[in-house]
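For reference, the structure I am asking about is given below.
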Amino acid sequence: MALRVGVIGTGAIGEEHIRRIQFKLVGAEIVAVTDVNLERAAEVIKDIPGARVEKTGQAVIEAADVDAIVVTSWGATHEEYVLGSIAAGKPVFCEKPLATTAAGAKRIVDAEMAAGKKLVQVGFMRRYDSGYRMLKEVVDNGSIGDSLIVHCAHRNPEVGESYMTDMAIHDTVIHEIDVIRWLLNDDYVSAQVLMPKKTKNAFSHLSDPQIVLLETAEGRRVDVEVFVNAKYGYDIQCEVVGEEGIARLPEPQSVVMRKDAKYGTNILMDWKKRFIDSYDVELQEWIDSTAKGEVDGPTSWDGYRAAVTADACVKAQTSGAIEAIPAEPKPDFYK
Amino acid sequence: MALRVGVIGTGAIGEEHIRRIQFKLVGAEIVAVTDVNLERAAEVIKDIPGARVEKTGQAVIEAADVDAIVVTSWGATHEEYVLGSIAAGKPVFCEKPLATTAAGAKRIVDAEMAAGKKLVQVGFMRRYDSGYRMLKEVVDNGSIGDSLIVHCAHRNPEVGESYMTDMAIHDTVIHEIDVIRWLLNDDYVSAQVLMPKKTKNAFSHLSDPQIVLLETAEGRRVDVEVFVNAKYGYDIQCEVVGEEGIARLPEPQSVVMRKDAKYGTNILMDWKKRFIDSYDVELQEWIDSTAKGEVDGPTSWDGYRAAVTADACVKAQTSGAIEAIPAEPKPDFYK
Amino acid sequence: MALRVGVIGTGAIGEEHIRRIQFKLVGAEIVAVTDVNLERAAEVIKDIPGARVEKTGQAVIEAADVDAIVVTSWGATHEEYVLGSIAAGKPVFCEKPLATTAAGAKRIVDAEMAAGKKLVQVGFMRRYDSGYRMLKEVVDNGSIGDSLIVHCAHRNPEVGESYMTDMAIHDTVIHEIDVIRWLLNDDYVSAQVLMPKKTKNAFSHLSDPQIVLLETAEGRRVDVEVFVNAKYGYDIQCEVVGEEGIARLPEPQSVVMRKDAKYGTNILMDWKKRFIDSYDVELQEWIDSTAKGEVDGPTSWDGYRAAVTADACVKAQTSGAIEAIPAEPKPDFYK
Amino acid sequence: MALRVGVIGTGAIGEEHIRRIQFKLVGAEIVAVTDVNLERAAEVIKDIPGARVEKTGQAVIEAADVDAIVVTSWGATHEEYVLGSIAAGKPVFCEKPLATTAAGAKRIVDAEMAAGKKLVQVGFMRRYDSGYRMLKEVVDNGSIGDSLIVHCAHRNPEVGESYMTDMAIHDTVIHEIDVIRWLLNDDYVSAQVLMPKKTKNAFSHLSDPQIVLLETAEGRRVDVEVFVNAKYGYDIQCEVVGEEGIARLPEPQSVVMRKDAKYGTNILMDWKKRFIDSYDVELQEWIDSTAKGEVDGPTSWDGYRAAVTADACVKAQTSGAIEAIPAEPKPDFYK
């Protein structure tokens, strides 16, 4: 029996998730979708005979033939639909962010715990990237001893004028915040943000690059260079410094060229290609665990802690100070 | 409507293909299987409710509910089942080799042409490897100009005592023979084999390493170092020398380590892991094209030409001479 | 006419410098040496017929046939001999540190300016490393645009029990402090030191690893991971993030191996080998410029600013705060 | 006492050698030079007070104050001056080739043996390259077990119209011929040359690329791709396949860049830069061993065997056959 999925928000990533669930992955099918733009919603499912358009997100959630929900609408609407799914007792996959505020994420955590069953998975897809998984295996199997420091870089070729300084945290570093928490199996206790000399290639309102410094409960240090007008490519770097050695995220696979007096590989320019395979793995695993009545990906607790950490980073962007991140023991519910 | 697949031979790779078709890929299901070892066949499908064991390969081929056949029995039996599938007018995916002799492969080509419809795909899975595909894209898009030379290496950690000198061609270099033909869109006209100083790590009856030299119709030169007791790892290298630059097959993805006074990556020891993803892509594409009534993978013509080339290489192993490979224009049927 | 050199301090590096000046480099010869251990001094020059032992450093400085001085005694004695050389009007090459306090270095700067002629070069040999020079060329020629951030790592396999937390600055990071100032053609304005989770491989009294954060007058940010019990090797990393691209210090040259399931190169374990060639270049250039009556290497101003910066870093180690480094315009004398 | 050197031929490399001997290396000085173009000879030494121009090569050889000779005139004149030096009992460094025919080289070997003392060193500078030396150390120390195969590539960006097919052997592969003999401590017994599809970037009279196949007395196999219009750079590759692993010549040191969607290093375009440091090491070691009355670099035997091998390769270029290279035991004199 295929898992019957309803999708709220048929924009860019909504459409992609619909197509992978319907045509590429196994064990699930799309039965209902919606969007504030109903025409768009209808267009997206026109080659999926078994799927229909519902008028609202709530209608999708409540539909009797919908077993599980995928939320891919704008971030500000996520909280409502995730809470709705919990109320309906249905599993929900919510694209990041879980909510646009830490308080909103906390409400989801509280509702889910009150409901007594884990239902929510957040769309932090890096945990499903083959490279990060290899890196986590090395960290976990003790090859490099205990992890002490993580150096990261998150570089984009460029961003548009609407990209603001705090988006470097909420839209960009948010992925490192989650994936390094997972990699280290640790949580953050303080944040600081350095503002280096600004590139001439950024709009005047944007601080770019920035360096985010995070400290964990275990005393580990994480530094993230975020540079969204780096021109040369979309480039994700991660190096873990351990007691016995260093492990580094593999570069994306690329033909090795000798040409025009240069030796090396290509760097991606388009961020979409970097984690394209991770989305498949993420949703396949979500389908599989959901079918078993489990959640084994990033939970709403993870989404909440990412939000709390991001808030401290944003505060640190303007204060210039080391901002404490309140430590909260992970509830047994999420262990 | 899922493609209903029958499988002949439920050994190592037969079982793997059954599981990927049934549980991992989309658009197909296993309905019938057989093996000379019927218990083994039953064991393999015990968690596939819709599948049954047939007594013979011919029974699988003829079963009314079998739309397409997968042949994964021992090489010597492939010809019979492929000819049977053609006679039944059913699409067939046959693991390499298509046949154990060039004459056998030719009989398949002739039967298929007589039947008037392409039905046969051969299991040369390297064409589906992401690295080789990236390399082919570079070759095809003109980045390095026309290809002039290809340097290859095919190295295994070790082989058992039953591995004979001619198996270096039929079991090992056969993959390079096919994939380089495809990469260059060219065919071979001569073969020569050099026997370098023998490693002390090979059994006394085996010449190891060997260097196979192939010449193509367009005058390109291909050299393949085949070294099956190379100890250090399973390692596939391929470098294309073009008029304007050089392109090299990517190494398999691996965490970059700094440890124990060494900087670098791991090399696979187990050949099965090297092309594991390619089998998925290969069979998914086979399912998709079969569903459309097409064959877009390696054809029986490709399997035949690989066999002819391998025969010339084996002859060259003992003659020490440059052995001609009869040029044959590709029939329009296969274009 | 060869430059006649006197050497004060014939310990480990004193002996090495004596041998390279006498036997490997051109344009200079050793004429006089001294050490508090006179036997050691005599031993070191026993195969140099033209050289003699003097009883004191001052005697070396004042000897009529000594044109230039090399100071390779213990750090605490450097100031005295450099001031003595200035007083004698003789060029002096002083191993790092120029003085053990910023005040001492300042006294040298003042004396040299009062003398009205540049005479002092400090032994910051990294500026002469072929890799750093290639990196500086890339930074200077504009290939990566303006430099915004520099990421550094300075890792040793291990240190002895006598190595204290502040030595991570004075003995280790001091090299990054100088070479990055030179690379960026900029100077520091603040320092902060992070203390990550401690490795179990360090003595209990030592904080290891540490992360030193420096800010420059131009707003550039420099981070230096210093990890002196990193076990796996002696490893110097430096990556410059520019507006248009990233440039990284080359790894030391090493044969690329495929062996024992590993692909990669060796990492040095012995720090002495890492910059061994730089000492030759450094002293050859010192001989050449001294012969011309010039100083074109690191000046006493550079030694002084390195000392001021190191003091701020040491203060930051215990304060945990961002420590200001007083900006001082470089005197015209040193431009 | 400095070694007093006379130089015959003050062209491109003659001038460079004069300058390095006089100004960069230790233990030697230029006292006499000559050239068929006497004005050129005078020009080259105008800033070397102790040096004079002699009218002929023979006059240089015979000059009482000349201790040792450097021959850097055109190849066709080398034999005469080397024989002259032997007759005069003086050590001689002769740029490659030792002679333009194997017979000529043999005459030198015979004369030197008759004279009873090794006097001749040939200018095969690759043996002094730091990369090849590292590679030889790996081969010699047993890290990769016995060597079985060597894969080489020798690629130039382009050559002029005067470069003929046989020059690929005599001017280009000659360096591999020597350096691989030395690396393996073995000698050649057969040669074959393959002519791949020709690049459109070569002049019509030139076969380019070519693949030279050499077999050694121990049965090892060496393949050299020589491609002199490879466009993309000057690139020397060498990979030794051993029983226990593979070792590859390091790439020249270069800053690692991330720029313009590319990750990697620069490749040299100018061959002169590739081995520039090797010339220094080569001549310094020649000076040092000559001062001790020894020859420890490539001997005239090496020059002779290189010539014999090159002749077989040239024959193989046109015959297309496997050409035997007469085995000759190395005389005790050269052991």
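So that you can tell them apart, the chains are marked A, B, C and D in the order they are listed, and the count of residues begins at 1 in each.
Criterion: a contact is a pair of C-beta atoms (placed from the backbone, for glycine too) under 8 Å apart; a residue touches a chain by one contact, two chains touch by 3 or more.
Keep in mind that what you see is a predicted model, and the values were worked out from it rather than measured.
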Hopping only between chains that touch, the fewest steps from chain B to chain C number 1
In terms of mean CA position, the chain most removed from chain A is D
When A-B and A-D are ranked by contacting C-beta pairs, first comes A-B
The distance between the C-alpha centres of chain A and chain B, rounded to whole Å, is 39
Whole-Å distance, C-alpha centre of chain B to that of chain D, is 45
Here the gap between chain A and chain D, centre to centre from mean Cα coordinates and rounded to Å, is 58
Residues of chain B that touch at least two other chains are 232, 244-246, 257-260, 265
Touching chain A in the complex, chain B uses residues 23-26, 130-131, 134-135, 138, 143-144, 244-250, 253-260, 265
The chain C residues in contact with chain B across the complex are 232-233, 235, 251, 257-269
Counting only contacts in the complex, chain C reaches chain A at residues 145-146, 148-149, 151, 194-201, 209, 211, 213, 215-216, 218-221, 223, 225, 227, 230-232, 241, 243-246
